[in-house]
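So the structure is just underneath, and the comments pick up after that.
We call the chains A, B and C, going by the order they appear; numbering starts again at 1 in every chain.
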Amino acid sequence: MNKQVNQKAWFLVLPVVILVAFNAVIPLMTVVNYSVQETFGDNVFSWAGVIWFEQVLNSPRFHDALLRQMLFTAIILAIEIPLGLIIALAMPRKGFWVSVCLVLMALPLLIPWNVVGAMWNIFALPEIGLLGKGLNSLGFDYNYTRQPLTAWFTTVLMDVWHWTSLVVLLCYAGLVSIPDDYYRAAKIDGASAWAVFRFIQLPKLKRVLTIAILLRFMDSFMIYTEVKVLTGGGPGNATTFLSIDLDKIALGQFDLGPAGAMSLIYFLIILLFSWLFYTLMMRNEAQ
Amino acid sequence: MRKRSLLPIVYIFFLMLPIYWLVTMSFKTTNEILGGFSLFPQDFTLENYAKIFTDSTWYSGYINSIIYVVANTLLSVSVALPAAYAFSRYRFLGDKHLFFWLLTNRMAPAAVFALPFLQLYSAVGLFDTHIAVALAHTLFNVPLAVWILEGFMSGVPKELDETAYVDGYSFPRFFVKIFIPTIAAGIGVACFFCFMFSWVEMLLAKTLTSVDAKPIVATMTRTASTSGYELGLLAAAGTLTIIPGAFVIYFVRNYIAKGFALGRV
Amino acid sequence: MARILIDKLRHSYVQDPQKPEDYALREMSLEMADGGAYALLGPPGCGKTTLLNLISGLLHPTEGRILFDDTDVGRKTPEERNIAQVFQFPVVYDTMTVYDNLAFPLKNRGVAAGEIDKRVREIADMLDLGHMLGRRASGLTADGKQKISLGRGLVRSDVNVIMFDEPLTVIDPHLKWILRSKLKELHTRIRRTMIYVTHDQTEALTFADRVVVMNLGEVVQVGTPVELFERPAHTFVGHFIGSPGMNALPCAVENGMPSFLGNPVRLGSEIRVPNDGGKLEIGIRPEFIKFNEHEAGPAIPVEVTKVADAGRFRIVEARHKGQLLKVLVTEGDAIPTGTSHVRFDPTHTHLYSDGWLVK
């Protein structure tokens, strides 16, 4: 779109900036503050420079957690984005069933995350849970509390169950927003269903898909409550992703310095990847 | 057409299984839940729900949550609408950076903000109010709303705006009567997501409240910590938590499914 | 190319239509010649878009038939009818270049690559898009995109009719007339049947050989622009076409002759003045009223109340016994002030009963 230059647009944006900055700037300064200081108890802080950053970045524990996190997020994105898109494409556009679909699909999103973790905890238990018992009776040796692989499987399954609907809802809204005239023109031009998808639907969904990818990337990278309640990070540290690791350091050991540093590094990693995603997906808009 | 609807049906079935599980858990005692496997409650009990409905902190928890969540949704979306329009239609100094900066506020776990928010909101005298939670949640909901709305607004050709002006519409009238209906799906989704993310957010809601505005999520975690896991109670609370959200999505379903016929201008 | 015959067509959006008001399109029959340029003209809500969608196949008629070259196409989909359509808001395939956009309909129909290239370049030249073929379609301005839309219809050799649904709505005003002339030129060159829907009379009158004027779901008149101007079949046509529109003056009958507030009015032809209780009106366009001071003959006294300058002519408002008359005075002619007399040109004075022309 050819946008016109208009500095007065700042007025339209001002309320948003004020609200968000009010909430963002002060806490950020606090975290930065902690990350570069050392505490000797009793609130005595001394300047520690970048020692915490070095410590965190060099720790193998951090590397492990980071790698686990990256793998997890990659799997999540690879499943949820295409799956959400396909389901949105398959959903009815008009009629009574639309309401039914939308409401039912939204339900997993509305459950508080600790309840999600708790219900899957029981649901997947080998002896007393529907999933656990079901899989075992089908012949699989399934016990997520002991087996790292099935712990991963269960965690991924839980996340897919929980969050795919977000992608579906976004893509569905994006799809119904495509004006009918595009489909009519495609019919008149004799386009196949695949051509319609490739040349009309997918391009028009680009922005919505970007939002979905970024949202899922960020939220899965920060995942904490559900995993903590489901596996506690185990067995061992098989499912100890970054947030859980951070939690162990900060609260368990009350090391504010390393925790602060790790938070910042964490944030910067997400920032970097998000920025890359965003730039990649939006590079065409520069015209 | 028939074959195509197989996938949503399978998907919904997959979604409903754990929910069925949750609901049946809510009608069981914790002993039964942990004692063995039962597809349907053997000892069907309503005691979990009874506990909830008779304990005043539970239902006041619901009310409190609904208050600040609705306040937050309304605030976030109404503030986001003009901003999204500005990002969508205009270029201005720092626009690209500002847009991305908004999203960065979602890139830190809430835990990072808990203590500073406590200090901040206490300092302005808003501790234990609904406003505090509603405002605190705007940190991540406003960027979300702006991003979603901007995405949908950019799908509406600028020619629609110009044609309306030529036809004599003033900007407010154009915005309300023509523009908003065309992005109805985006508004529906933005409203629902703001509601949802605020509704399930626990840490900040717990941190910023104590008695007056204590939300349901805080009350629920109480059951988890005091006596080990009162699973049945938790399940009942979880089931009840779904209901307001189901209403919200039902309410906005027409917006989401509205579709977009570029109206005669 | 095809001759289109519309036979007793009626359409309702309501499930079970009972009253005439339930019908968005009242019964109509119409014939459009092969290769003709037609305009469907009327105010919003008059049914022109309904008619367009019925012809293109996006709607199935409640009653009646539509025939392309004597074949009933009522059951056929839009693609089976071989039509092309240019929509109100430009529809282009954003991710493709201009070239690929134009080639798309041919590729889908399995046309050979060499043939595609030839036709694409030919049409692109016709539309002045030749130098832009490598550009991405999303980068073009609105008028460029509409040209691409049109081009996709023109590249196909099997197109029966090209439909335009208010295509100039989103075009910049100063580009509108360029595109309008282009469309007319194109039609003259390639002689395909074209149907152009609009609410703008200038667009309709400049583009079409014959204009179908519609109002409230009814076809009011079908005729050439000249016919519509000189002999409106309905007072609505008189109002809608021409700027300013036709004067519709109250008419009474005196001694079997039409009279305007006591002044006898002569009509262009010998017609019997109907006396069946219908509301009678004299219709005369401002262009055909002249100020008459010096000529002999019957004249109507008026008082000049207002003069508006419209560039090449002036619109003078005059009143006779309180009744407003609009008179068009060309450049150079004098405009009297105060009281004066006007004369009606009998050839262009028409009598209307209940809005319809009395013949």
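Here is the rule we go by: a residue touches a chain if its C-beta (ideal position, glycine included) is under 8 Å from a C-beta of that chain, and two chains touch if they have at least 3 such contacts.
This one's a predicted model, so the numbers in the text were calculated from it and none came from an experiment.
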Of all other chains, the one whose Cα centre sits farthest from chain C | A
Core chain by centroid distance, with centroids computed from Cα atoms only | B
For chain A and chain C, what's the span in angstrom between their mean Cα positions?
-> 56
With chain centres taken as the means of their Cα atoms, state the distance from chain B to chain C in Å.
-> 51
What whole-Å value do you get for the distance between chain A and chain B if each is reduced to the mean of its CA atoms?
-> 15
Where chain A touches two or more other chains at once, by residue number = 2, 179, 181
Residue numbers in chain B touching 2 or more other chains?
-> 157, 262
Of all residues in chain C, which are in touch with two or more distinct other chains?
-> 88-89
In the complex of these two chains, what residues of chain C are touching chain A?
-> 58, 77-79, 83-85, 87-89, 91, 93-96, 104-105, 108-109, 136, 138-139, 141, 149, 152-153
Chain B residues touching chain A - in the complex, by the definition given at the top = 4-8, 11-12, 14-19, 21-22, 25, 33-37, 39, 75, 79-80, 82-83, 85-93, 95, 98, 100, 102-109, 111-113, 115-117, 119-120, 135-136, 138-139, 142-144, 146-148, 150-152, 154-155, 157-158, 182-183, 185-186, 188-189, 192-193, 196, 199-200, 202, 217, 220-221, 224, 229, 231, 234-235, 237-238, 241-242, 244-246, 249-250, 253, 256-262
The chain B residues in contact with chain C across the complex are 157, 159-160, 162-163, 166, 262, 264-265
The answer for chain A against chain C in the complex is residues 2, 179, 181-182, 184-185, 187-192, 195, 199-200, 203, 287
Mind listing the chain C positions that touch chain B in their complex?
-> 44, 49, 88-90, 142, 166, 169-170, 173
